[in-house]
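Input: structures, listed below.
In what follows, subunit A forms one complex with subunit B and a second complex with subunit C.
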Partner chain A sequence: MSIDDNSNKKLKLGSRLKKRFSIFQLRNFGVLFALIILCIFFALMSHGRFFTVSNFLTVARQVSLATIVGVGLTFVMITANIDLAVGSYLAFSGIFVAALLYIGFPWYLALLSIMVIMALVGMLVGVIVAKQKLNSLIITLAMMGIARGIALAYSGGAPIFIKNDAFISLGTGYIGPIPTPVVIAAIVLIIGQFVLRKTSLGRYIYATGGNEEAAIASGINVDRIKITVFAISGMLSGLAGSILAGRLFSGNPTAGQGFELDVISAVVIGGTSLFGGVGHMWGTLIGAFIVGIIGNGLTILNVEYFYQLIAKGMIIYIAVFIDRQTRQAGLRGKTRL
Partner chain B sequence: MPKKIITILVAVSFVLLLMGTSSALGGAKKKGEVESVQKEEKTIEAETPEEVKKAIGEKEEVGKVAKEKVKIGVIQITLEHEYQVMLNKGFKDKAQEMGAEVIVAINEMNPEKCVKVAEDLVSAGVQAIICAPADPASWKAVLAMCREAGIPLLNDGSPQPVEEGVVPFIGTDSKGGGRAAGKFAGEWINKNLRGSAKVLGLTLPTFTDCVARNEGFNEALKETVTGNIELIEHNGHGLREKGLEASENVLQAHPDLDVIFGCNDDSALGGMSAMQAAGKDVEHHLVIGFDGTLGAFEEIKKGGMFRCDIVQQPYLYAQMHMERAVKLARGEATIDYYQSIGPLYIQTPVVTSENDDKWIAKVKQYMPQ
Partner chain C sequence: MDRGKDDENQGIVIMDSEKIFVMKDISKRFPGVLALDNVSFEVYKGEVHALVGENGAGKSTLIKILSGVYQPDGGQIIYRGNEIKINNPRQAQEFGISTIYQELTLCMNLTVADNIFLGNEDRKTIFGYIDENKLNRECKKYLEQLEADINPKMLVSSLSVAQQQMVEIAKALAYESEIIIMDEPTATLTLHETNKLFETIKKLKEQGKSIIYISHRLEEVFEIADTVTVLRDGKLIGTKPVSDLKYDGIVRMMVGRKIENKYLRRKIERSHEVGEVLLAVKNLTKGDIFKNINFKLYAGEILGFSGLVGAGRTDLMRGIFGLDSIDEGEVIIKEEVKKIKSSRDAINLGIGMTSEDRKNEGLFLNFNIRENVTISYLESLTKYGYIRGGKEKEHANRFIKYLAINPNNSEAGTITLSGGNQQKVAIAKWLATSPEILIMDEPTRGIDVGAKAEIYKLMRLLATQGKGIILISSELPEILSMSDRIIVMNKGEIIGELLNEEATEEKIMELAV
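Showing the complex of A and B:
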């Protein structure tokens, strides 16, 4: 049981409306606040270039991959584990989904196959972490090299082009006015939040990360939970890798380098603890938007690349700082939700 | 138990499936080989944009039209190399001269980042994009985006086939440059080593330009020498420390190595360090680089075994690209016009102890103070 849940129960909520609002976890109001400040700043500085519908959709499409993978990683991190291999999984799944399309798989079968394959890869990692009691940091670091290496070796370092238009539209298409990857990310996010909050699996995930021994004592099969979260992370990386392959018209062995760091930043900024037991999907979404908006906004403002790197680091720190301050202020005023 | 068996069966069947795709792909394309796109075409000898324009007969604009302020987006692969720094300065200087605003974004040779920064540039309202793609795949994605946004795309970086909506490549004649290096090496071997030598080529097989450089070098070397050439090739990763490491390993196997050609200056300089550490004498050993960086010129000036460098002229290419981009953005030129000119391969000057001072002065001018 997470801290949020406990505190939610303790509070006397005035109205149903307030209760509804607590879905958004006001504990994370701070980080949302940071996002809003960031948006206002860029909007004021960019002479109307930043605050447009088309740029919003651009950012949304850019952060959709980090959101999809972030949902998987949030599950993993709540169990007090980490998955560093997600960036390499993007390349791995992109290459193999392109290969499957090449030999004539229809797009849905290729997508389904790669998600199953990646779930199995994730399961393998989960089994090693759970059964051999090895630290996930080092196991997924090893997996990061292995998956990237296989992608490079299999493709010979060159991209494999995709000619299947239906598959390409997964990355480049629109559903109504909304880019397809954004729609997919939204569905994944909602399902993720549902699983985490409304199912027994979600409660077991919190319990495993919160206090593993207590979880075992209360009869939870902790090993199975760990294997499951790594499988989910792998599967969602496979989905994201497929979308990226569509976006790039090809499977690409060099794709996703450094991507894991963006996703981990997003998840942690979103309030998920590196030590497990705490976290939720809305925070991950906001975190992904913060990371995405920094790059987009700084480019629009024409900040020099070297200074962009500095600014990025500073903004991430400030976002986390504002989050912490508002949370503490909330605690002092006893209005914490 | 049956659950486990099903899992294993599913896993095995997918592995078999992937092995199947592997053999299918293997038949369709040779893997691991990047071929150079460059065709045998006439190259242009020039050191300024004016000389290039004269050579191709590009019409100079007549009379000054009212200049509206335009915004040009530039995507470079990195800023952590002298070539890229000079390129960057060329873009900015030309833009300033023509009164245009320029936004530079870096793709870090990462395909999805390349697409992402291109999107950001479109959001920023640029009217043309000069792009050095992270790889052929991201090139295609950026092109699709530019077409959608109705923005002209200019090809900096690697030569790509001329495509609809793209201003063709301007840049180094990589193969010709390699040939110039091979000719120099061959003549030097004839003069100093009686026409026979053991030669190490430091390569970068994932980079098309470098593949063309080594190809050109090998070709011209074999044509020029009178005796026998034993050619060894090794990946120098385009980096000084990797070039050093590769050369050290080769020197272990071939202690009688005579010549090193690095497909770029950094790997060549690494190779030179390895030769020096192995105690090779200056008179009977030769190192040749490719890039035109200050570090290489200074080695030539020192009078050691680094005797020759093939020069790329990023400052020139950047000026040409920027001028075209600004003209396109202002509607003073059309993509069709530039496509009719076709790609421009600029000849690579050869720097030796005879002309090193001129080039040192020239390059210093392009480096930010």
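Showing the complex of A and C:
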């Protein structure tokens, strides 16, 4: 009997260990592993041009935009929605923050105003999705056109230049040795993960995406959760748009074209499920790095932009494929029909 | 286990029949569990073979191996004398094995005829062209064989669950299946529909089809099955002719211990006096769905709601609970008229409601037990939106212990739990909000005998503590044994109220039909 007990314990420990390294974690190890492989690959291929401090800072600066917007999009995608308008939001917020600076707003007030405005834009999308029960894919596709259209119309298609140095340093400056956008991204990321895991809002976001019917029956105001995540996504896009405008010394109506694809790739590669209910910010960070490093590495290797697009497309496919496979493996033998 | 004797018995009963399907020493292992341990299982031509066992006993796994969803790790499958391998569901279908799952797998957006020939059209078409008239004619043939009055051109989404089931059976016929597996086919049917299904099963039997019948309702096993196989913890406990067995005997085989039967028998002594009125409903109306509903719920009682599926019971409760809007009428809680506009309002007024549809409306399968248990009570466990982790865990553990949820680990995923334990988690979620009024919609649907008894005991305990419980159930024995009073609904109206003492199955059915 005691032997039996013992082996039982061992078995339990074994299964507990297995659980510890369960499929979601495994997948994250997978993407982290992929990230390391990518780095090694580019390091070997580029003859030392990849692994330099300055290149690392370049990558980090690029990745910080995708991370900031990715945090917002992770919230949205965990509720089983999507926001395709984030790329256009960058242009929209860049143009209007430049306009606000032009009429003499101080940098912080311009930044704050544009974040509030973008939160309101996001809220509008959220209200439509939640109250009119329209599919977020289509609504944000519409918003993608509308936001960029407004940015183009207002600016006449030309950039609006920014002369406010403090604002420009949002995109180009340093805090200590670290680029300002990187610091901002780190703060956003940590707050995002905290909200997701440690607050009731985060729990309700998971609940809404995991099982909307059950969430409603459990007394969660699902509409409010949806509106909130779209507002967050809009607001963070406003922040990223401002940083980008700072870096470009101008609001640019064509900025951020195709950016939504980079961010969605990052979020999905990071393990957030397209079907909602699953995901976290650390995954999004790794995903953003993978997307960023592929772009940066291929550029260093002098691969033309066209081929980079193809590579990125392949990566999205692989990520979704892995998402599907691990999901099935995770469910296999566990669910009853 | 005296298997030898079992075999003998079987030989006597079905001596002349042909063994159509044999599974020999089948094993299946999943990470951490041996789901099936050397299980052998035989099906004869033209028999109804019931497969019973508690949740987690291995029934689902066995069925999935039969239908090609899983591949066994060991053992043989012999079909009509030849050893076969079933690699996927499609192949099972081609061998003549059809499975009708509890959750039906029809395409809602297609017609009856389309569904019946789905994946099977190649027999009926030239270069992919579908001759619809021919399809409908053929379809009608199968439906008539079942004496089902269904128009082949109707959309499946417009059919009742019972009719959809008939379509699934017709589909099996269209595949010329020899073995039809039915997984809990009556779980969502009314009594009347169940009887109709049984007639159909008898007809299939006469045609020489073999039926593998899985059900938690043992009464049905006695009514319809010829042979019964009992599984427990992945092991074969025995196969016997039903005529050799008694109810208690099967239960004992299933649970491996003698179960206290008192919650399954009708008429429980009322151990308490009913108290104040917790909930009163006045003239509640919503279109044609429910009309002029008046009733009172007292503290300390279990109020049963009986009626056919579609009588409006669930809709009424959803209306009271704030999930659906109501047109007219008042909900009075403790003598005060309250407007309940959302489930949040209802929860704040001390109402809880467990859903009949556990997977879709009750649980978050992406959450662990803790997160499920505390989700409706989270606001009280947070400070400025921050969840106090220790407090949350403590709260969850209290209810895990209280309901004896297995595993008693708050961090275990709910997706891995058995049906009975999932239901306990769904109930725990509501108990965690300490409601005074608990609406339980089909609380024991699809869960095993042991878990059922525990839930009955819990309901009685809660009533004794002075809570008011509304029980909706389509199982008459359950309604009769659990309810202090029974309200019968028919077509959206309350048409009768019976006290426990005077209620019988016949009286309820007279009102309900």
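A few notes on this one:
The definition used in the following text is that the second predicted complex is superposed on the first by the 276 of 337 C-alpha atoms of A that agree within 3 Å, B and C clash if a C-alpha of one lies under 4 Å from a C-alpha of the other, contacts with A are read in each partner's own complex, and residues count from 1 in each chain.
The rule is simple: contacts are C-beta pairs under 8 Å (C-beta built on N, C-alpha and C of every residue); 3 or more make two chains touch, one makes a residue touch a chain.
On a predicted model such as this, the values are computed, not experimentally measured, just so you know.
After overlaying the two complexes on the shared chain, residue contacts for A:135 are found with neither subunit B nor subunit C.
When both complexes are overlaid on chain A, the residue A:116 reaches subunit B alone and has no touch with subunit C.
When the two complexes are overlaid, the chain among subunit B and subunit C that reaches more residues of subunit A is B.
Contact with subunit B, but none with subunit C, is seen for A:257 once the two complexes are overlaid on the shared chain. Subunit A has no residue lying at the interface with subunit B in one structure and with subunit C in the other.
Residues of subunit C touching subunit A in their complex: 30-32, 35, 60, 70, 101-103, 183, 321, 323, 342-344, 346-347, 353, 355, 357, 360-367, 371, 375-376, 378-379, 382, 385-387, 389, 413, 415-416, 419, 429. By the touch criterion given at the top, residues 11, 14-15, 18, 198-201, 203-204, 206-207, 209-211, 213-221, 277-278, 331-337 of subunit A touch subunit C in their complex. Across the interface of their complex, subunit B is touched by residues 46, 49-50, 52, 54-55, 58, 61-62, 65, 96, 99-100, 102-103, 113, 116-117, 120, 123, 154-161, 172, 244, 247-250, 252, 254-259, 295-296, 299-300, 302, 304-306 of subunit A. Per the touch definition, subunit B reaches subunit A in the complex via residues 7, 10-11, 14, 17-18, 20-22, 24-25, 28, 30-34, 79, 101, 103-106, 108-112, 115-117, 119-125, 134-138, 140-141, 144, 205-206.
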